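The two complexes that follow have subunit A in common; it is paired with subunit B in the first and with subunit C in the second.
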Partner chain A sequence: MRDVIVIGAGPAGLAGAIASASFGLKVTVIDEFIKPGGRLIGQLHQEPSGEWWNGIKESERLHQEAKTLSVDIRCGVSVYNLEKDDDLWNVHTSIGTLTAPYVLVATGAAEYPIPLPGWTLPGVMSIGAAQVMTNVHRVEVGKKGIIIGANILAFAILNELQLAGIHVDRIVLPEKNPLSGKAGEPEEVMKSLLNAAHLAPSPLLRMGSRFMKNGSFRKIGMKFYPKNGVKVNGTPLLLRKAAIEIIGTEQVEGVRVADTDENGNIIPGSEKIYEADFVCIAGGLYPLAELVAVSGCPFQYIPELGGHVPHHSEMMETPLEGLFVAGNITGIESGKIAMAQGTTAGYAIAKHAGKDGAAIDKQLQEAVQNVRSVREQAAIQFNPEIDSGRRKMSELWESLYSKNTRENSQIKIG
Partner chain B sequence: MNNNEAIVVCRCEEVTYGALRFTAEEHQCTARELKLRTRAGMGFCGGRTCRIPLDRIIENVVSNISQGDTPLKYQPPIRPVTFGTVGEKND
Partner chain C sequence: MTRIINHPILGKLEDRKAVPFTFDGKTYEAFENETIAAALLANGIRKLRVHEDSGTPRGFYCNIGHCMECRVTVNDHANVRACLTVVEKNMVIESGKQHPNIVKRMVEQQ
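The block that comes next holds the complex of A and B.
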């Protein structure tokens, strides 16, 4: 008899499996990919401290720890439905239906595109796809690339492409229109990048960051933004150029780019074609919560967290008995936060399953506290307003469920 | 801008930006209604790719609507599966 099914073998899911199994629960982890680690296995970067974050090593460490605790990990398995039947959750998968009283959904995030003319040509990919090809499959994505969209994820992956010796020729913005939204407005882009200036993509951004946080200085800054861009580890970041069209007959041959004014409006007659054999579109990430949605869990739209997120407590419970969530499905943040949340969810499951009182309470509280402190120490935030988003969710939870939850847990443990 | 009308937004069902804007303007509808009228988001990928662009089109065209109102629904199966897989007996 299995106690817990974890869906997703990324940082949140593996950490959750380890925490539950450490209290003696029998855990099965399912993942769609051929090996565990989730998005961790694409990550490689240097922390502000100088230390390297090697996602492959992290995922191997988690995998080993899970195996030591006899966690059953099944890769290459897709889940297509999740529903409850009396006391058990039914997890419908490509290898049949698995059941357990507790389910942790840790399905992470998905990328969204910024559609533009020519984006369906071979050679155009999402920035995340370039990361997977480079760091997971070790396939060279091309000889000369252009990134459309300047955000934190694009910079992190640009750096990884550079480490792999792949030439990224330039970064431009998408054309300002309803499909690109703020990603096409130079000033908004600059504002979002400043929060990561200490990641130091460029000395100019770093030096100018405090001064550029002021709105009117920022306007002036955008007006006089260098036409040839600012170099990010050697790749020009062109905030005053917008991609109009990706061109090519059989595959990508280049990008038609126009100059823009400081508000992102195209300057007529300024179009130029830059050659490239691959193009990465960096739209952004949103919580991939399909399974929790089909299970019937209520959702809230919180833009600071990246979109629609399932209602959940700080202990990663959902309003549905036995259903827990962790990682990017609850809001777009780093892999370290996902791990801390996974650990919290794993202990919360052990507590709900009636594991020893005092020890589990202490560990659960420490785990909740640890999520907060990892967040405070985070070097980069995908959304600078993440704290406000997290606060909204915990207030929502307090107002809707907190009394219920307390009664339920007392009954369970008693 | 004319060039943009032809952008394929939903790749599975090949629904263009022009068609989506026209429908949204004519019916001043929610994202869910836009999906039902055009099939955008109803293809093989289950709307995982074009969900956010669809929301953005509605937000841009219809006043007083935000992504929080009547979001696109999810329905099982959330992955493409064969009839054999869905129809199998449990255990």
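The block that comes next holds the complex of A and C.
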């Protein structure tokens, strides 16, 4: 008999599997990708301490630890439905239906697309696709690229592409329209970049950051933003240029770009074509939560967390009995937070499964505390308002579900 | 395209076994444990299919299985995601083709 099914072998899922298995639970982890690690295996950056965060090594460490605890990890398996039958969850997968009393959904995040004319051409890819091709598959995505969209993830991956010797020619914004939203507004983009200014895409941004945090200075700053951009590790960041169209017949040949005013409006007659053989679209991340949605779990829209997220407690319980969540499905944050949340979920499952009292309570409390301290120590936030988003969810949980005792806080369905 | 053999942090790409496969009737080489999308890109191929109705070209977009843009036919099995499927020895891969749309053609002729 299997006790736990973990969906997603990323940092949250593996950490959850390890925590549950450490209390003697029998755990199966399933993942669609060819190897475990999730998006952790693409990550590669230097910490403020100077140390390298090598996602491949971190994944291998987690994978080894899980294997030592006899966790059954199955890659290349897709899940297409999740539903409950009396006391057991049915996880419908490409290798048949698996059942267990506890399920941890750790499906991570997906990228918001920014559709624009020509974006279906071969050679156009999400920024995350370029990361995976570069760091995981070690295949060059092209010789000369353009990134459309300027956000923290785009800069992190720009760095990784440069490390691998891939030439990124420039970064431009998407054209301002309802689909691109804030990503097409120079001032909004500047505002979001300033939150990471201490990690500084460039000395200029770093110097200007405090000054630019003031709204009216920022407006002036955008008005006089250099036409040729500010260089980020040698790649010009063009906040006053917008991509109008990606051109090419059989594949990408270039991007038609226009100058914009400080509000992101196109200046007529300023169009130009920049050649490129690949284009990365960087629209940011949202929680990938469809599976939890089909299970019947209630959701809340919390923009600070990246979009619609399943209701969950700080112990990573959902209102549905036996269903737990961890990682980016609960809100967009770093891989380290995902691991800390996964550990919490794993202990919470062990507690629900009736594992011994004192030890589990202590470890669960420490794990919850650890999520908070990892968040406080984070050098970078995908969303600077993350604390407020987390607070909203915990208040929501308190108001909706805390009437019950903690042990019985989950609703019985099925 | 070429492979990223040397990497300052991730190190040198270890020697892997070459695996032959065909794509639209031509033979190529992948490395073992490599996805179809990666192997084709390494061979300079970006176009994985054409849109079933319009016939316009498509390649991989998300590279992690979400977008379904990279679907190809593998050993006669249609709509297989190239980004999640590992190349196996002598695999026969076909690009996705344009489908006939009789109604549309009729409307166009009127």
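Observations, loosely collected:
Following the convention adopted for this analysis, the second predicted complex is superposed on the first by the 406 of 414 C-alpha atoms of A that agree within 3 Å, B and C clash if a C-alpha of one lies under 4 Å from a C-alpha of the other, contacts with A are read in each partner's own complex, and residues count from 1 in each chain.
By definition in this document, contacts are C-beta pairs under 8 Å (C-beta built on N, C-alpha and C of every residue); 3 or more make two chains touch, one makes a residue touch a chain.
What you see is a predicted model, and the numbers here were worked out from it, not measured in a lab.
After superposition onto subunit A, the modelled positions of subunit B and subunit C are compatible, with room for both.
Contacts of A:E271 after superposition on the shared chain: neither subunit B nor subunit C is touched. When the shared chain is aligned, subunit C comes close enough to touch A:G165, but subunit B does not. Looking at the shared chain after the overlay, A:V79 reaches subunit B, while subunit C stays out of its contact range.
Touch criterion met: A:S94 reaches subunit B, while subunit C stays clear of it.
Look at A:A110: by the touch rule set out above, it reaches both subunit B and subunit C.
In the superposition on chain A, contact of A:D259 is made with neither subunit B nor subunit C. Applying the stated contact rule after C-alpha superposition, one finds that A:E65 touches neither subunit B nor subunit C. Once the two complexes are overlaid on the shared chain, A:M125 sits against subunit C while remaining clear of subunit B. For the pair subunit B and subunit C, the model built by superposing on chain A gives 5 Å as the shortest CA-CA distance.
The residues of subunit A shared by its contacts with subunit B and with subunit C are 78, 110, 113, 120, 288. Those residues of subunit A that touch subunit B in the complex are listed here as 78-83, 90, 92, 94, 96-97, 110, 112-117, 119-120, 177-179, 181, 244-245, 283-284, 286, 288, 290-291, 293-294, 299-301, 303, 307-308. Every residue of subunit B that touches subunit A in the complex is listed here, in rising order: 3-4, 6-9, 11, 17, 46, 48-53, 56-57, 59-61, 66-68, 71, 73-79, 81, 85-86, 88, 90-91. Partner subunit A is touched in their complex by these residues of subunit C: 1-5, 7-10, 13, 33-35, 37-38, 41-42, 46-48, 51, 56-67, 69, 83-84, 86.
Every residue of subunit A that touches subunit C in the complex is listed here, in rising order: 32-34, 39, 44, 52, 54, 56, 76, 78, 110-111, 113, 120-126, 128-130, 132-135, 137-142, 163-165, 250-251, 288.
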